[in-house]
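Both complexes shown next keep chain A, but they swap its partner, so chain B is in the first and chain C is in the second.
And then the complex of A and B:
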């Protein structure tokens, strides 16, 4: 057993709790939060691959001391391979995904602590709790444990929005909570149905039961469970019909908060999406549903982004649209397609965080996010304008940046799978994404400055600039050397086919 | 009357109904036109995938979509109104989505 595997979840939770105890000790809170946040992306790099059984409860097949004293009708049955405890699985795909999540969490926390005058408070607590929850979603092989962390992640997201102090944030947070009160119990009901049919909450064991005929794959309760889990997945990741509330949630968070929130959505999308494919891939319908929902997310996301006037709302809708690319990769279902989809997930998490932090500098210096009231920022922050422009290029898939590689892979995958229509739509949506970004960029940076616009904070914190440069460097590195990421993701993709 | 003018007229109609007072600018109308074209073209290209089920069905679907697009154009102002932050709209579409997903998974998979 590798103690670093549970530490990826325990450390941010412990830090979050400790930050509360140190309330009002601003300097200590700042140092502790930055040190722990810096450790978050390092742990997955140091941890070795494998399984972690909580409480040391190994399956009987690996626990000869207990298995030796049991009758043969137990050791010769499926019980011999079942996992009696909560199990965390850490493989190469989890390594790169938790690394990227930890890095975005670090940059968001680092930026927020330097942009706010009083670091002490619930904001950092919520950021750490959310990061711990989404890490657990990626690691957990236990669907009930996953649900618990899914709920904690949802509550943390609501908390991050409430703590932002943005106008009308309470209303949006309340709406998201009420919708969550309907959607999340549906996911729990799906988990309960799975438990009822298979007698198990361990995902590997559920798959074993279905593949070995212990449970009928066409059991109607199992099909209902799949539908309910898919519905919970839509809520968690902000796919239609939850795209409106999710983009509103991003727009009511502070830019660093929104950068982290979208990373939560992306990795929740991937975590639950992989589970749906692992358990229900025998239903051809599951992949069709993933493709249809992804197409809807892309079309609705990008078309709605075109009609927004708030910078954060524009990026929020674009982020929803970009989720569709990941879904198409998973829905195409080939190893290459799934690898491309997962690579797109990493790229999207990085680029959207980059855009939120980049446009966040405009909000920081003007206190305005309405594009109709902005303009002339190119004169105020010319170097940052170039960085934000590169972020937009990255999102649209301009070479040699990272999303170019993943989008190209996705288009190739769609052609190889003999569904070129998906490739055409992906190209079309990329063009419109670029247009949407350029429209926002033009109105904020290139249009003449409105006379009533005032610059309230001239100096952008160095932490924000460092975060932007780190994200830009990752975009370039992954664009030039995509294999750094795809080699990690390929193993998982091969296992899902 | 060109598509641009039709869209401009429709935006003003909806704004007068919803009592919005934001100015209709060149950028907002062009954006809506671009969104309109994206929506229609994406849906038509997506409907070509129905060829995997039946080629005749695909042709009928594409023709119906083109017809709807011509008759209902501009769609985006209506879609924008539907996709607003109204809580009742969000709840409606959520329940609708839940119903569709459960129906498709339960009856779709049982009867296929």
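And then the complex of A and C:
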């Protein structure tokens, strides 16, 4: 077993607990948080692929010492291959996804600790807990374990919003929790249905039971389980009808918090989406459902973004729209389409974090996020304006940036799968995304500065600028060399078809 | 009339979930909403416990005077109970966070009416 696999979850949790205890010891909090955050993206790069069985409980087929003493009616049955412990699966797709998540977490934590004079141990605690939870969602092959971390991620997200101190943050946090406490039990009920039918919570074992006829694939309880898990998926990733509350959540967080929150949503979307495809892809309508939800997310996301005046809300809704692209890739269902969708997920997490941090500089120097009260920022921060413009270009899919490659792949996948209509919709939504971004960019940077607008703090921390440059570099590298990411994702995509 | 214990438990779980969803969506008092949410969680927990129920079954503890085959035939399925324990802890945590938020919002707004605090 590779000890680095559980370490990806255990290290941020341990660091989070320590940071909570060290709250108010500013220097220690800062050093510890930055060092551990820097290690987060490194661990997946060093870890080797494989499974990790908690407690060392291997399946009987791999554990001759125990299997030898058991009666044949156990060792000759499916129990021989079932997983008796919580299992984490670490493959190439997880490697790149956890690396990107760790990198965004590092940049968000690094930025937050340098933007505030007195770093909060509690705030860093929440960021680490959220990161650990979403990493566990990506790794876990146990659907109940996934539900547990799904809940921890939700509470961490609420905590990040509560700790932000933004006006009306408590109201939004409570709203999100109320909806979450309806959606999460529904997800658990879906897990319970699966447990009731298959007697298992291990995803590989559930699939084994369905594929080998131990459970009838036509069992209506499986259909109900699918519906309930999809409902939890919609909530966790902020898809319609939860897009409004999700974007409200982003808008009530600080920019570095929002950058991390959206990464949580993207990777929760991918993690749960892959599980839904793995278990329920035999249902004839499963792909159609994913496509319909994705189209709704794209259309509602960009149209709602067009109507907003708050910077963070605009990006929040655009992020929901971009989730739709990932869903379309998964819904098209070919290996190429799924690879494109997963690549789009990586790109979206990077670009949206980039946009939140980029527009966050405007918030930092003016203390305002309402675009109607902003203007003339091009004169105040001309170099940053160029960086933010590039972030917007990346989101809209302008070459040679990363989302161009993933969106091009998605369009090609839709043509290959003989659904070119989806490709046309993707192009149209990209155009509207570009328009929405340019509208926000114009009002903030290019129109004359309103006389009442005060610049309260012109010195943007170097940490923020470094973070933005790192994200820009990744956008360009992945744009020029997409195979760096797609090679890692192809293996998973092939296994899902 | 003999009522099937497992079936009765499933119905109770269903009733708890339905009542909980109604309270969470339609009641204006935030505390009542939270009670409704607790009902949903409890209903789901009861549902999971009921899955593991076995008529006349024994607790999943292997004692020295038992044989393996007798134990395998009579012990109830332990996994649901283990899961519910975790689920209860999660439920308690989320409930505590929500109640904490309501206390802060009550101090801020002077009311616990959802329509006044949360808007719609």
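Operating definition for what follows: the second predicted complex is superposed on the first by the 496 of 497 C-alpha atoms of A that agree within 3 Å, B and C clash if a C-alpha of one lies under 4 Å from a C-alpha of the other, contacts with A are read in each partner's own complex, and residues count from 1 in each chain.
Operating definition for what follows: a contact is a pair of C-beta atoms (placed from the backbone, for glycine too) under 8 Å apart; a residue touches a chain by one contact, two chains touch by 3 or more.
Since we're looking at a predicted model, the values are computed, not measured.
Chain A has more of its residues touched by B than by the other of chain B and chain C. When the two structures are aligned on the shared chain, A:158 is found in touch with chain C, with no touch to chain B.
In the superposition on chain A, contact is made by A:144 with chain C only, not with chain B. When the two complexes are overlaid on their common chain A, residue A:175 makes contact with chain B and with chain C alike. Once the two complexes are overlaid on the shared chain, A:220 sits against chain B while remaining clear of chain C.
When the shared chain is aligned, chain C comes close enough to touch A:192, but chain B does not.
When both complexes are aligned on chain A by C-alpha atoms, chain A residues 175, 178, 182 touch chain B in the first and chain C in the second.
Residues 17, 21, 24-25, 30, 33, 37, 40-41, 43-44, 47-48, 51, 68, 77, 79-80, 83, 86-87, 90, 93-94, 97-98, 101-102, 104-105, 108, 117-119 of chain C touch chain A in their complex. Those residues of chain A that touch chain C in the complex are listed here as 71, 144, 148, 151-152, 154-155, 158-159, 162, 170-171, 173-175, 177-178, 180-182, 184-185, 188-189, 192, 195-196, 199, 201. Only residues 22, 27-28, 31-32, 34-35, 38-39, 41-43, 45-46, 48-49, 76, 79-80, 83-85, 87, 89-91, 93-94, 96-98, 101-102, 104-106, 108-110, 112 of chain B touch chain A when the two sit together in their complex. Interface residues of chain A facing chain B in the complex, by the touch rule stated above, are 172, 175, 178-179, 182-183, 186, 218, 220, 223-224, 226-228, 230-231, 234, 240-245, 248, 283, 285, 289, 295, 298-300, 302-304, 306-307, 309, 372, 419, 421-422, 424-425, 428-429, 432, 435-436, 439, 443.
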